[in-house]
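This is the structure, below, for whatever I ask next.
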Amino acid sequence: MKSMREVLLYKLTWPEIREYLKENDIVLFPTGSTEQHGKHIAEDNDAFTALEISKRVAEKTGVLVAPVMPFGYSPHHMGFPGTITLSFDTLVNVYKEVCKSLMKHGFKKIVIMNGHGGNTNAIAEALRELKEETGMTVYSLMVFPTSTGFAAEVVKETIKTGGGHADEMETSVGLYLGQRILFERAEKGVPPESLSNFHRKYIRRVSRAVDFHEITVSGSLGDPTLASKEKGEKLVEAVVDEITEFIEELKKQ
Amino acid sequence: MKSMREVLLYKLTWPEIREYLKENDIVLFPTGSTEQHGKHIAEDNDAFTALEISKRVAEKTGVLVAPVMPFGYSPHHMGFPGTITLSFDTLVNVYKEVCKSLMKHGFKKIVIMNGHGGNTNAIAEALRELKEETGMTVYSLMVFPTSTGFAAEVVKETIKTGGGHADEMETSVGLYLGQRILFERAEKGVPPESLSNFHRKYIRRVSRAVDFHEITVSGSLGDPTLASKEKGEKLVEAVVDEITEFIEELKKQ
Amino acid sequence: MKSMREVLLYKLTWPEIREYLKENDIVLFPTGSTEQHGKHIAEDNDAFTALEISKRVAEKTGVLVAPVMPFGYSPHHMGFPGTITLSFDTLVNVYKEVCKSLMKHGFKKIVIMNGHGGNTNAIAEALRELKEETGMTVYSLMVFPTSTGFAAEVVKETIKTGGGHADEMETSVGLYLGQRILFERAEKGVPPESLSNFHRKYIRRVSRAVDFHEITVSGSLGDPTLASKEKGEKLVEAVVDEITEFIEELKKQ
Amino acid sequence: MKSMREVLLYKLTWPEIREYLKENDIVLFPTGSTEQHGKHIAEDNDAFTALEISKRVAEKTGVLVAPVMPFGYSPHHMGFPGTITLSFDTLVNVYKEVCKSLMKHGFKKIVIMNGHGGNTNAIAEALRELKEETGMTVYSLMVFPTSTGFAAEVVKETIKTGGGHADEMETSVGLYLGQRILFERAEKGVPPESLSNFHRKYIRRVSRAVDFHEITVSGSLGDPTLASKEKGEKLVEAVVDEITEFIEELKKQ
Amino acid sequence: MKSMREVLLYKLTWPEIREYLKENDIVLFPTGSTEQHGKHIAEDNDAFTALEISKRVAEKTGVLVAPVMPFGYSPHHMGFPGTITLSFDTLVNVYKEVCKSLMKHGFKKIVIMNGHGGNTNAIAEALRELKEETGMTVYSLMVFPTSTGFAAEVVKETIKTGGGHADEMETSVGLYLGQRILFERAEKGVPPESLSNFHRKYIRRVSRAVDFHEITVSGSLGDPTLASKEKGEKLVEAVVDEITEFIEELKKQ
Amino acid sequence: MKSMREVLLYKLTWPEIREYLKENDIVLFPTGSTEQHGKHIAEDNDAFTALEISKRVAEKTGVLVAPVMPFGYSPHHMGFPGTITLSFDTLVNVYKEVCKSLMKHGFKKIVIMNGHGGNTNAIAEALRELKEETGMTVYSLMVFPTSTGFAAEVVKETIKTGGGHADEMETSVGLYLGQRILFERAEKGVPPESLSNFHRKYIRRVSRAVDFHEITVSGSLGDPTLASKEKGEKLVEAVVDEITEFIEELKKQ
């Protein structure tokens, strides 16, 4: 296992990176956002988590970590102070241009370590365009545990309430990773009275552009008050182990 | 119930549309694609189905149907002859400009009736940008039955194999709607030998830009040979009924 | 002569298109618009006509027909309900991307079958950019008879009044092709009283962006009341014959 | 009549322009191109003529002339050395941004004095977008005499051969305006042997992106050897007089 | 003086930011790059320094610090491994969209704390466009000491050799701020033999797009071996004090 | 030395340019702006000077001069009547497309002869993108004498007051070159009373988008009343000689 400093690409000098590239071609690119995370979690949580998980995986696998992109696609959170959003096009271009820069130096396997669900479509479009334009396959994965992704088993075991934003799972992970969390201010996510029954009924079958302040008063979905550091530990360890396994297999490709 | 001709916006004259707008403000905008649909279904199936379902809903609800957009986002099908794809940006702009044109005339409730999963991200982006730029909410729904969308119950009852493209469900719907289907040529979707175990294993947890010719020899996913017109009838009737109910409730909003 | 179904590219499966491409390389791409056509013609008339003429030519020549693009460049008709317009840039991109998709599969001779004069500049720009970017020549022609284009002789013999929109010629063609026309509501195009003598005088010598509601009350130019199905038959047959001859010669190039 | 210097907006100081705007709101904006003009005319002829005609009209009417835009849309002339072309989008933006700058200072009636047929579509698009975005009508006219535009009568009387580029008319105008013309090198425009009969036949009925070196060896169309300074004098005087009349009427609008 | 955590906007929750905005409207936005910094300095130095200086100023003034933008405009460093560059347009858009997001929440005085000279033109363009589009003035300053900017006096006193990249000044600042520096590997910047005398001679009078690998072998300009932590301390303290004074005056505007 | 006419590329015919290209590959591309130049200088001064200096250099060196681009980047002068500005993106594209057109014909060494400081960033971006896209180096220089560029020595000897716009130096140059100058109206540049001490103090250390009408009443910076034709002669002769020397050396590269 390498020391922390050595896995951060941006803490190396160019001759050190040149050395790395002689025998390796993998790099992790963490991406997050700066947006409201309920009344209790710091706004950088998606970027923070993407970087923290990337570091842990990198320490176990010896691959490098690029700088975390702190801004993402968050127009739906703009109703809460502090949220910063890029446009879809700008974000796709940032992803593409960072990847193309890395490719130019010889990185052949780039894994986007994403901490924000709202970035998913922009990443998908970047991956498609990169493939068309360069012929190269870039990978992307969600660093948070989910019931259909990494650490799915542990999620099912430990997490009682869903949600998807500043919820039980996300708060638990943050407590374990040392994020700044004002846990006593955590509030269950409840929709404002203005949310119509009509929209409630069709929430999964009909799409529309939904702003978070239309569906939650606190900014949370789900129930973050059920979170704990212990749950977070199990989740993080599982995610890190499973992504580590993926990276090890990717090395052999 | 109105006759077919009257529900098609584009078969009306401008004074007739002006009349409609005096008391109504809903319009359905069907969107599809032109892309390979296995060895047995005509390439316009997503556009065809979007239009057919829209017509049926329109006849029951009396709302108008805009022209179907025949081209969608299909770069992943370009490995098969006949597929036509627009770029992501162009498609988002088409959706936005059609909706803005309709809004200018007084249509306040636009429902995009989508027949192609590959269009989903482009529609989502169009809906978001339309909301930011015009303040208006545009709705979108998938016209095909799915296990999480409209007609979910009937899907679970009638459809044995999943897939997601030119599969048992889609073929059944097409058989019932009168699409041109060479049923005897339908083939179960099997991946080419070149698909690695690595990619198989991480298919749900790691994203990459996948081309269909990399994962299916026939162009189908799932098993279309299990399709039948009877299954199609149940599915279509359920979808039409449930969307009709949605439109009736939308009228009251 | 082939049956109707076989000439529509989008009603074929991908193996059928692959077969076609082994011995052929021509495809017709019909383009129209959705816009007001006076008080008597359905709004899809340009798209409808482009498709109908394309089908007839295709049946005679055996070439394939791509899906009709139903939306065009119609900002000048937005004063009348129901008109839908794309921006110039979006439309150029649609034309280019459809043609590039077709080229990728091996279509070497694409003929844009245009039914809307307002699309002309966008098509010209698409043709130029396609030539610069791909080295390939794409052809475009107007499907309506005109005094300087196809069926010029028949136009001079049969049509008494000019106009250029929802006029005697266009109405005659529609009557013959089976378009939905409320003939009893047809009105001669007359300018609103607000049109100044100044603009009248310089109409051919000085260009400006003119909106149709500034120059015609009914939406028609010319005199559609002089139209007849018989005139339409002569015009359509002549246009189809002459374009067919062009396609036959194009085959030999 | 004012002296030459005073009519050129760009030869005035800002306080002088401020004075002009207190009682006037018209400005002429000449646009041309830099492109081959046969073996005998200098490459700036479209820009040169646009400026010369604008000056003469300005002297008679007292309106101001903006700087001439020397570059236009000339991809079809790139086969001949010296031709410079902008892209369509860039040119539309130049026209729009110059007009918007002028509007900001209070010019309400802008007349684009165009000397290059290849700019026509870009100007049309600029005029349309300016109207949509600012609500203001910008005018455009062709400074060369044509059989359907200004000085049509004189064209019919004096000019024997058509063409449209570096031809009898254009050479005559240039001889009178003092352009640098190597008249002894003028050559009748003849197509290279490679031009197929197929393309010859359909030249007016089927559009394609045509490069000038595909259709003329010398770069000229028509027969410039028939030109004379006397013809040029009649043409220029007529064009100037008729445009002057237009400007005088525009003042009253 | 506030504690470190409180000055980082992204380590606050949205209710805390809402509180801040009730009485304050200033935010610092640090921007840097990820690019080669000679053989001895970590590649994130411009981002690192921008953030470090911002934090120190923020602690003294109580204003908030937005997340640092880690990627900048660095095409001229792409010849050295590890450099990441965005395109000019993408970077301008990132700056504009971050500022517009902050404005939407009520931040009225944004100060871009820039650590990379290569970003200067993109920032200038963003500032101009933000002023045109929002009417608001955004400020920008260079966080490194320079002989014409902040800490000019101390630069003149302490720094013997110029350069402008990974040089004596930059290395000194990094040594004091705790950057990862492999000081023993620092090398004086010398141009490769391929640099022509022609280009040497006109370096200040004629502009061209210069790549760093064309003008320096080590990646440094100037002489970083003369750097010391003591020099860095003087420089950093002066820069922080002077920027602090600026922020205090800005508060009163 | 060649005669004037022969050095202007746009006054040649295409066969003449073809001849030139057989033995030469240098072209000067003058760029300026149309913008206020104080109360005394004509608004085209930057374009005028760029062209005049280019002609003089061309006559001495025998290289060709492309048409001058009369519009530049001048949003900061829009507060004064007559100023015309392009957007940054449009201007970059104009520069790139003109250069690419010239390259296509065989010009290998293009020198942008710039007369407007506000164009500098757009030119720098064009030069960078041209290098990335074509691999070719384009040069750019400022045609006005400056204390750090061409004619630096003469500037230091002859010019007493700085400024940077419509100042002592620029007015002197214009007087010598025969520009239209109303010298008796020249006024020293003084800021309006509204300029705050805050902004005065930080003018060199903090950037913001400054409009000229915020910092000067007359439009001038510096003191144009100290200008003279004699000073202009010395400055112009020195600039022309030094640029000529550069071009002669460039020929040998």
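Order of writing sets the labels: A, B, C, D, E and F. Residues in every chain begin at 1.
Simple rule for what comes next: a residue touches a chain if its C-beta (ideal position, glycine included) is under 8 Å from a C-beta of that chain, and two chains touch if they have at least 3 such contacts.
Please read all numbers here as calculations on a predicted model, not as lab measurements.
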Chain labels contacting chain C and also chain E: none
Interface overlap for chain A and chain B, more than half of numbers shared or less than half: same or different? same
Matching D-F in over half of the residue-numbered contact pairs, the equivalent interface among C-D, A-E or A-B is A-E
For chain E, which other chain has the most distant CA centre? C
Any idea whether A-E or C-D has more C-beta pairs in contact? A-E
Averaging only over C-alpha atoms, locate the centres of chain E and chain F and give their separation in whole Å. 30
Using CA atom averages as chain centres, what separation in Å is found between chain C and chain F? 49
The distance between the C-alpha centres of chain A and chain D, rounded to whole Å, is 57
Numbers and ranges of chain B residues touching at least 2 other chains: 89
Based on which chains are in contact, what kind of graph results: line, ring, star, complete or other? ring
Ring order, please: chain D first, chain F next, then the rest. D, F, E, A, B, C
For chain C, which residues count as touching chain D in their complex? 75-76, 88-89, 120-121, 123-125, 127-132, 137-141, 148-150, 196, 198, 201-202, 204-209, 242, 246, 249-250, 252-253
Can you list the residues on chain C that touch chain B in the complex? 5, 9-15, 17-18, 21, 34, 36-44, 47, 66-71, 78, 80-87, 89-90, 93-94, 97-98, 101-102, 104-106, 180, 182, 185, 219
